[in-house]
Every structure is written in structure tokens, then in C-alpha cells.
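Report on the structure given below.
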Amino acid sequence: MSKAAKATEIEIETEVEVELQSPADEIEGVREIGDAELKAIAEAMIFVADEPVSAKTIADVIKVDRTAIEKALGDLVLEYDARNSGLQLREIAAGWQIATRPEHHEQIRAYLKSRPSAKLSLASLETLAVIAYKQPVTVPEILEIRGVQSPSAIKTLLDKRLIVAKGRKETVGRPMMYGTSKDFLIQFGLKDLSELPSIEDFQDLAGGSES
Amino acid sequence: MEDTSPNEIATSAPAEAQVEPAQTISVANSRPEIAPDGDTDQLKITMGDFEGPLDLLLYLIRQEQVNIYDIPIARITDEYLRYLNLMQELDLTVAGDFLVMAAQLIELKSRMLLPRDPLAVEEEILDPRAELVDRLLEHEKFKAAAEMLWSRATVEQAVFKRAEIETDKNNPEVTVGLFDLLRVFQEILARQKEEILLEIEREEVSMAEMIDRLRNMVRSAGEVNLKTFFERSKSRRELVVAFLSVLELVRMSEIALVQSETFGAIMARTVGAEGQEI
Amino acid sequence: MSKAAKATEIEIETEVEVELQSPADEIEGVREIGDAELKAIAEAMIFVADEPVSAKTIADVIKVDRTAIEKALGDLVLEYDARNSGLQLREIAAGWQIATRPEHHEQIRAYLKSRPSAKLSLASLETLAVIAYKQPVTVPEILEIRGVQSPSAIKTLLDKRLIVAKGRKETVGRPMMYGTSKDFLIQFGLKDLSELPSIEDFQDLAGGSES
């Protein structure tokens, strides 16, 4: 196959330090894959995935180095942008995903005949904000910050899978601790928690500068 | 401050309200608003759903246009209590959280009135309001964070993923979280309970079995309170069968029904030596 | 600027109704759409569609001439080919769709097979829940509780290493007892079994909602 021949030429650089976590015997069948093919496979894989795929997962499946995949994905992102695609390749929830661009949401919605789904109540959002910034956090601690009981808001957030239990706190009554989930990252378009603006950035809004 | 009972606040609040001018009050599901009502000098008050006492306090601080770092506690406390009173007048349930805050405000108000220790160095005097201010600022930060989440979610809703494709269906599985385990387990237990109940209902007692049951009970105990006997029935149908079996045994003169006083218990007895019947 | 004024700004924004109005009626006015945008919207629309989309459908939604869409789609096909994408835009009988290219089927299949095992069918989930809360427990006991046979679920859970055999029960037939594994703890982020949420945790959340 002509593709295989092509692949061999470029091969050398992609294979540098194959450090796989998988058992040694699986490395046996390391295939020779060129850059262009790598990009194509990664793109196809992200497309078929029903949730964001990490570079590591892709690397493990095609048995190449993760940095090679990361480079391929970086190139792909630029390509998508350069050709003004209606789609974007983006990093979300510690993985990669193909999605439409927000610019065209009106037409897309008109086509799908969909309305934006009902979002969370203010009470739930405030509870979620406390959990996002203070995780892992217990119900009493949330109460302390919000100054109001939030059990039903917490249940809503659990039902919507935006938060998850994170073990128990070793204190009186061993209350359950909560933190945000992967779905939280996805629904709020975050790569990871570090992408959240620092809570101190809201200081100005809250207190205003002393003037 | 824990000693201040909610009742004290409730009684002090109406006194405050009497000082107030005439008000038109309307309850809306929006944020509260106090605004002059047209060209009358009445105040129009829109009550809103406050997320909690901190929310209400922040609102009052803004409304009164006071510096959050230098809250006039007496004034804000009065306003706060007036609001609680309004809520009660409107029969809105005032949650415990609001009352706890009221108690704290009153306590703060009285502490503000205490003369300062003249010997204390200026810097060492801790403003009694400091803790409350911290909580308010903290609370407002999270309100701003919630708003940020809201706008993020709005942007995210403008981004669409591909529709379901064939290979998704090969994987018709559910993502599992810790609480799913508990929820599923509870569902199983509930289902189990339902099944047991169904089984009991299906287990129908025949007329012959019921007659045997009553006969045995009367024989072994000498007499049986009919009320107790009927209460053993697990369904309406069974109750009917039980009733019929009593009639049947009376008809066959195997048992006699005895009531020793008007409205007293009716006892079923074996028809033996005494043999009195009703 | 005064604090109060600033605070008011925040207020207004927080107040925004947490449900967006339908944008459908805003599209009414025919907009001027350039060639590049047309291509992008058509691509996005085909991407989100759950079945092949005809050029006519796209034209109707964006309210442009059908030939313009056909031209845009033709251009898109060439673009996909030119950049050696892992995806292809293709026209089948019913309309247009985006799909992976056959060349990469092997890797795609490998990926689909490797999908994370954090997912369980409902039967497996139920069985796992029973084992988690009732361990050590035998298959007949699980059957008793679930009211449904679960042999394949047990096998799935064993394969996924979520449960392990815990010896035999000294009763008729000496059935095997099962309990959760170390992997189970890791996957659910538990330090030990005492961290499993209890009925009380759940009731705490369900009850007492007030504000």
C-alpha cells in the first residue's frame, strides 16, 4: 500500500520513546503511522467517541507516544480554525471533542427545532458554585457559606450528575463530602477545574474597592 | 446569642412595623423592591424570594446604600426585622435560617451599644461586625461565581455535539456514580417490598380455611374477640370471608356471640355448657 | 464609584431568567450569509443531524437558494479530501452525512472495544448495588433480592474486576459468596466501604427543603 510506504519515511520521529503504561507484550505490534494518518485517526476516533477522549486514550489505542497525539491534535485545532469550519475541535473535561461553534447556534437550533434546555435555579447554581470552589465540601460547610439550608439543591445537583460524593469527612457524624463531576466540566465548557476563575477575582465585585 | 429565642424576635417585629407608613404590598416571584408608588406618597413593596438571610441582608445594605465595611447595624437590623414581619404578615413561611440571623443581628446591635474598653489599644479593638461582613462578602463572591457559571452554561448551550450514531448504541450503558448505587439499591428494596405485598394479596383464604381458622381460635382460647378476628384480615375480600364464616358457624350453632354490655366487645364462644345466645 | 451602584449591576445580571427564550422567531428576517458562513453552517447542521440531511432541508432552514447549498457542500467535500481528514462528507441516497473513512476502521474498532469500563448496564448496576450493600452475598441471595436472575451480570462485574469471590457459604450447595473489590473502591473513589453513602445520607438530602 502506498500509504504504508509513505508512513515509513516519517516514522522515525514519531516513535521516539515509546513509553506505554500497558504491559510489555502489547507493544509487540507497534505499527508505523505517519503524521497525517495519526491526525486522521485521532480525528475519526474523537468523532465516534460519545464523550470527550483524552490524548492518552488515543495514544494507547493506536500505540504511539502521547506527545505525538498531542501534536497531531494541536495541528488539527489550527486546521479547523484556518478553514473556518462550522465545527471546532476543543479540549473539554480532560479530553477532546468535536462540536459546533457557538456562532451558528441560531441556525442549528432552528434546524433541530430545539430550545435551550431549562437550566439550574439560582439556588442550585449558588450551591454548585460553593461546591466547585470549596470541594471537597460537606453539607454543613455549604450551609455555613450560603447561610441557608441547601439539601434539595444538593439533591438536584446529584440527580443532574453535576456533583459526586467524594468520601466522608473524618469529623463528628462523618458527613459525606461533595465535589464536581466530569459532567460539570462538560456542561460548563471547562477543560479542568483550574480553568475556573479564582474565587478571589470576585472580590472586587463583592466588596468593591475601598474608595 | 443562641439564647435569643425566635419568639422574642417575632414579638419585637410588629412594634417596628407600626412605625411604618401605609404600604401597598404585592408579592412577586421576583427580587423585592421598595419604590414610590406613582405620585402618592405610599411605598410599594414587592416581596421576593430571598435565597436566605445573607441574601436579604445584602439586599438591604444595597437598598439603604450603606458601606458594607461600615454597616449601620441598628438601622439594618430594624429593616431586616421589618422584612421578617412583612413576610409573616403575608403568611410567607419564615424559615429558621432567617430567624437565626435576626437573633444574631439583635445581639450585634446590643454589642455595638456597649462602651468600648477605654484601656484597649485602638488596633486591638475587634469590630463586632467583622464576622458578619466577612460572611456577607464571602456570600457575595459565591453569588458572583454562580453568575459566572450561569453565563458559561449559556455559552455551552450554543455548542452542539453530534447526534447519536450507530456505535453509541452498541454501548447502551449508563454512567455510574456512587449515589447511583444507593439509589438503585433502594429501588430494588422498594420493588421487593411491593412484590411481597402482592404475594400476600394473592394468597386468598378460602371460606373453608377461614371457618377452620375461627373454629380453632375459639376452641383453643375458649372465646375470641370478633374485632381481633376481623383485624387479622389483610384485604377487604378476606374481611368479607371472615364475616361470612362467623355467620356460618353461628348458623351451624358451633359458636355463640356474646356482648356483655351495650357497645362492648362482641365475643365468639364455643356453644357448650352455658349455651347462652343472643 | 459607590459600592451600592456596583452592587446593583450584579443584581440585574443575577436576575436574568434562568431560561432562554426561543430564538426561533428572531431568525425571521433573511440575513445576508457569505459563502464561507454558508459552508460552515451546512457543515454544522449535517454534523448535529441524527440522519442524512438533504441540501433542500439546509436551504430551507437558512433560507437561501438550494444551488448555493449544493455548491457549498461540493466545496466542503473537496476540502475534507484535500486535508486528508479522518472524516468524510458524503452524499448517500437520503442526503448528506459526516462519517469516518473506512481506512481507519481497524483503529476505530480497537478504540470502541477499549472504552472505559466505568459504565455498566442497568442489570449489572443493580447487581453491583446489591453486592456492595449486602456483601458477602451469594448468587441465590442476589436473585432473592433482585427478583431477577443475574448470571451474566455477575460475570460482567467479575470481568470488570468490580467484584471478587469471597469464599463459599456453608449452606446447601455451598454457593460462592461475592463482595466488592479494591478496584471497586478506586473506581468509586472510596477509601473503604464505610464511605458508601447510606440511606440516611440520602434522606438528609431529600428532606427539609426550605428557604
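As written, the chain order gives the labels A, B and C, with residue 1 at the start of each chain.
Convention: a contact is a pair of C-beta atoms (placed from the backbone, for glycine too) under 8 Å apart; a residue touches a chain by one contact, two chains touch by 3 or more.
Note that this is a predicted model, so its numbers are computed, not measured.
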| item | value |
| --- | --- |
| Chain occupying the middle, per Cα centroid | C |
| Remotest chain, chain C as reference, centres from CA atoms | B |
| Distance between chain centroids, defined by C-alpha means - chain A, chain B (Å) | 38 |
| Whole-Å gap between the CA centroids of chain A and chain C | 13 |
| Multi-chain contact residues (two or more partners), chain C | 3, 7, 10, 14, 18, 20, 44, 47-49, 98, 112, 189-190, 197, 201, 210-211 |
| Multi-partner residues of chain B (at least 2 other chains) | 51-52, 68, 95, 97, 140, 143-144, 146-147, 150, 154, 157, 160-162, 164, 167, 171, 175, 177-179 |
| In the complex with chain B, residue positions of chain A that touch it | 47-48, 50, 97-102, 105, 108, 112, 116-117, 119-120, 122-123, 125-126, 128-130, 132-133, 145-149, 158, 161, 164-165, 181, 187-190, 197, 199, 202-203, 205-208, 210 |
| Of chain A, residues touching chain C in the complex | 3, 36-37, 39-45, 47-49, 53, 57-58, 60-62, 79, 83-87, 98, 100-101, 103-113, 115-116, 118-123, 125, 139, 148-149, 151-155, 158, 164-168, 174, 176, 205, 207-208, 211 |
| Chain A contact footprint on chain B (complex, rising order) | 51-55, 68-69, 95, 97, 101, 135, 137-150, 152-162, 164-165, 167-168, 171, 175, 177-179 |
| Touching residues on chain B, where the partner in the complex is chain C | 30-31, 49-52, 58, 61-62, 65-68, 93, 95-97, 140, 143-144, 146-147, 150, 154, 157, 160-164, 167, 170-189, 191-192, 195 |
| Residue ranges of chain C touching chain A (in the complex, touch as defined) | 1, 3, 6-7, 10, 14, 18-20, 22-24, 26-27, 36-37, 39-45, 47-49, 57-58, 61-62, 79, 83-87, 98, 100-101, 103-104, 107-108, 110-112, 114, 189-191, 194-195, 197, 201, 204-211 |
